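Letters A, B and C mark the chains as written, and numbering starts fresh at 1 in each.
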């Protein structure tokens, strides 16, 4: 009954007008509506089915539009889907699509979505993001990916041109939240079948988003122009969007200050200085990722880490306040839970280490280590692995220094990304730096990581924990369950939580409409506008 | 001479082959593959990907298939990391950029370096000489990863006269900083070499003879001294070329020019086998050809050398 | 930044010639070297830098690994060079003492340079001497192999090696050393060819001394002049190579550091009011490279005097 009520509420929300920006009172629009933002690297792919990274998603979100969009608070609002209904068992979603066109003037149909989704799971297409359709629990996804079923058997079908029906394998509370990611975007079937892989070349590409591709110079810049065929084009103010690649963050900041960019990330430690100098431009908003040092508790892991007291001592004695206030200095928060503090409907367990002072924590850590038989005379020796990155480097050095006085000698082991992930996946590490970013705004996106069959590189396992998460998938009130899960993590310490991310950027003050409360920083250029200075 | 060129070209083939096999084996031994991502891929998806790119085949077969596709189709295969593009496309996009700023930097280094060196030699032991030597010694050892961000700071932020990065074939203002950052240290080395070899030549007997005959000094220098003084510079050009390619990595990173230097480093770090092999072969070939060119040039200037 | 090969060949030819004439080039050379102002200046610098690397640690008020929490987080305001708080060269972004780190960076960079150059010189000398002494078909094959290896873009191979075998000091030494032995081997081979038929070698051969022994005992010592000059000029090249590798993030592991690592860290933050982080390591880097150039050039000119 509650389920049905929830559904009704969602439909009601959908009946509201689509989000459209308008300049506020007293603001004058600038004559040239251009937004130039920073890309750290080249855009790897413009194919929605093949995209794997955040920078690619940022571009695809402008060139294509999925069933749902996100508003500035990260809530789901209608995209191509005008409204939807959920069956009573929570397994069937029916979407009613609006009249929208591709940039070549052809109508966007339910068939284009079916084609796009089937394409992602087709074994021959070999998408790295096929797992996402599995995460959405679309019926038969797993079997299709494994090659045991035909792609046509995937649980998605076009009832008619404007009606899309999705069947899930189990009720999935977060299903709607997954629909704003590029992997779920429609693909212009006719064009792809005509041109094959070449449809994605800059001269051929066709999208249904608010912008079309004007030019793409790989690793230099990508330029997008307002799409006149977009269904809501009359409310789109920003005319041109440019993503400019600068491979070095410090140089990017220099170029921002020279007026070449409208938005750039602030390098670690520079936020206080820039905020004092440019209070209208330096921003810091919560960003849904958590940073941790994961212990390898598998058989391959070091014996000393199997002792819970050692793990707890390490968690206690890591001085998180120094890390966030004196190293990162950008509004990040010390982490005492795996789930990011700003996640919807999540409340951290009370008590524990966050109520202690750092001195008390260190004191307790010494006791625990002494109990376990370790100390400065008989130090614990461990290797900490991190991938090449300035921030990871700074934090690892600091961690080494925090632990040393207690008799925990850390050897730092910096490897490049490919090696880091490979070793994580094969349990060839002792302790490793890791961060997880929310796929959707709910605690399970974090907590699932530590399930016995989750990504869980350290191979920690707890039956009660698995049980609680299974319950949470269909529970009415998930808050106590998630709190209990965090309590278990807190007690068993499969990792040291370090900090919760913030997005720390310089943003040109004449650019308006960028989201500040969206945990994943999902932004739409169609919501932006530039005011005259 | 002709036979010499042919013989050198004949050596190029086994060289490239060696390079290909060596790099291929090295890559396949490295931990992690092109599809090692933050989230471990489900085995089924990974199997699909590996099958599609032929990574399941034994190593010798992969190398063989690779060689066949290069020789027969001139096809370097698809990129693993940039699935929209083939290696041929990536190189076609990046190489002209590297060639443009690299070529300009090379010419600038040689022309300015030689001019500076000759001037310093002619006005030996004057303030000009000291200045030239001082500058060139300093410039020679300033790493270009210090020079590049410094240039951006000065010309983009402080004086606002040049774009801080990016690339356009139509707008030379994008070329200036890459060329300066890349050429300065070689310019300095060439100036030093030219200076000392020019001094040596100017002190030699045949120049004394020419002067004794009453030939004007400018004519002595241009007609008689310059050519022999260039020999050490020319033998230095091969190594300059190679290290400029290395230096282009720094240029690509700081100026976001989209050249192939960064493409190589990225491909090695991301295990993008195909791109890495493509760039390695391209650079290997260029190195061989350039060294050959230098040798021919050398023989042309100094007919005493016989091959 | 490459060694002037023409001059090396001229030097090598000269040394062999002197040998033929039967007089040692060393006594004259020493005199010429000590008269060369630039070379003496370079030598002084090198001695001072070496002393700094060896003894600097004694004077450091902080270890290079300790974090100074009173400075950390406000490095631009509080981390500047100061005698009062013992950070003579200021601190890095984590509040670590830059003086101690520059000392350590100097040790490591010098070590990389010297060990790398030593590897290059040893491999190059042995290879070239063997090829030249054995001669014939072996020589041809060995030198053709050098031709082939010459065309390989070494920096790329080095990057691959570091990526593949992981980052370690020994890999760095080896990789950097293996880059530069080729030129050395060519020069040594040429010189060996002209030494080979000399009487003392023939005499040794006649008394049944093994080839290996002849190479080690009789050929190599006569190559010393070339080797010394070459090694001196190689060290700065090795140091430069290491700095590039560090810039790519493939250099030595934290908390160890090198000039390259310190300079690239400092270069990143040059606009944030912490210029000393760039200035100090860069200063030592630059003067040391100068020192080696001056000394190398001076040695060469001393051994191979030209009329000026």
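A few comments on the model shown:
We adopt the following convention: contacts are C-beta pairs under 8 Å (C-beta built on N, C-alpha and C of every residue); 3 or more make two chains touch, one makes a residue touch a chain.
Bear in mind the structure is a predicted one, so any value in this text is a computation, not a measurement.
Counting C-beta pairs in contact, the pair that comes out ahead of the other among B-C and A-C is B-C. Relative to the whole-protein C-alpha centroid, the nearest chain centroid is that of B.
Taking the mean of the C-alpha atoms as each chain's centre, chain A and chain B sit 40 Å apart.
Put simply, the C-alpha centre of chain B and that of chain C have 22 angstrom between them.
Each chain gets one centre point, the mean of its Cα atoms, and the points for chain A and chain C are 47 Å apart.
Across the assembly, chain B contributes 30, 149, 153, 157, 269 as residues in contact with two or more other chains. Touching of two or more other chains is recorded for residues 163, 268, 271 of chain C. Residue positions of chain A with contacts to 2 or more other chains are 248, 250, 254, 416, 419. Across the complex, chain B meets chain A through its residues 30-33, 35-42, 44-45, 48-49, 51-52, 81-85, 90, 93-94, 148-149, 152-153, 156-157, 160, 163-167, 252-254, 256-258, 262-263, 269-271.
Taken together, the chain B residues at the contact with chain C in this complex read 11-12, 14-15, 18-19, 22-23, 26-27, 29-30, 137-138, 140-143, 145-146, 149-150, 153, 157, 185-186, 189, 193, 196-197, 199-200, 203-204, 231-232, 235-236, 239-240, 242-243, 245-246, 249-250, 264-265, 268-269, 279-280, 283-284, 287-288, 291. Residues 248, 250, 253-254, 267-270, 273, 322, 325-327, 329, 388, 390, 393-394, 396-398, 400-401, 412-416, 419 of chain A touch chain C in their complex. Residue ranges of chain A in contact with chain B, taken from their complex: 42, 44-47, 50, 52, 123-124, 126-128, 130-131, 134, 145-147, 197, 200-201, 217-221, 244-248, 250-251, 254-255, 257-260, 416-419, 421-423, 425, 455.
Those residues of chain C whose C-beta lies close enough to touch chain B in the complex are 1-2, 4-7, 144, 147-148, 150-157, 159-161, 163-164, 236, 240, 243-244, 247-248, 260, 263-264, 267-268, 270-271, 278, 282, 285-286, 289-290, 293, 306-308.
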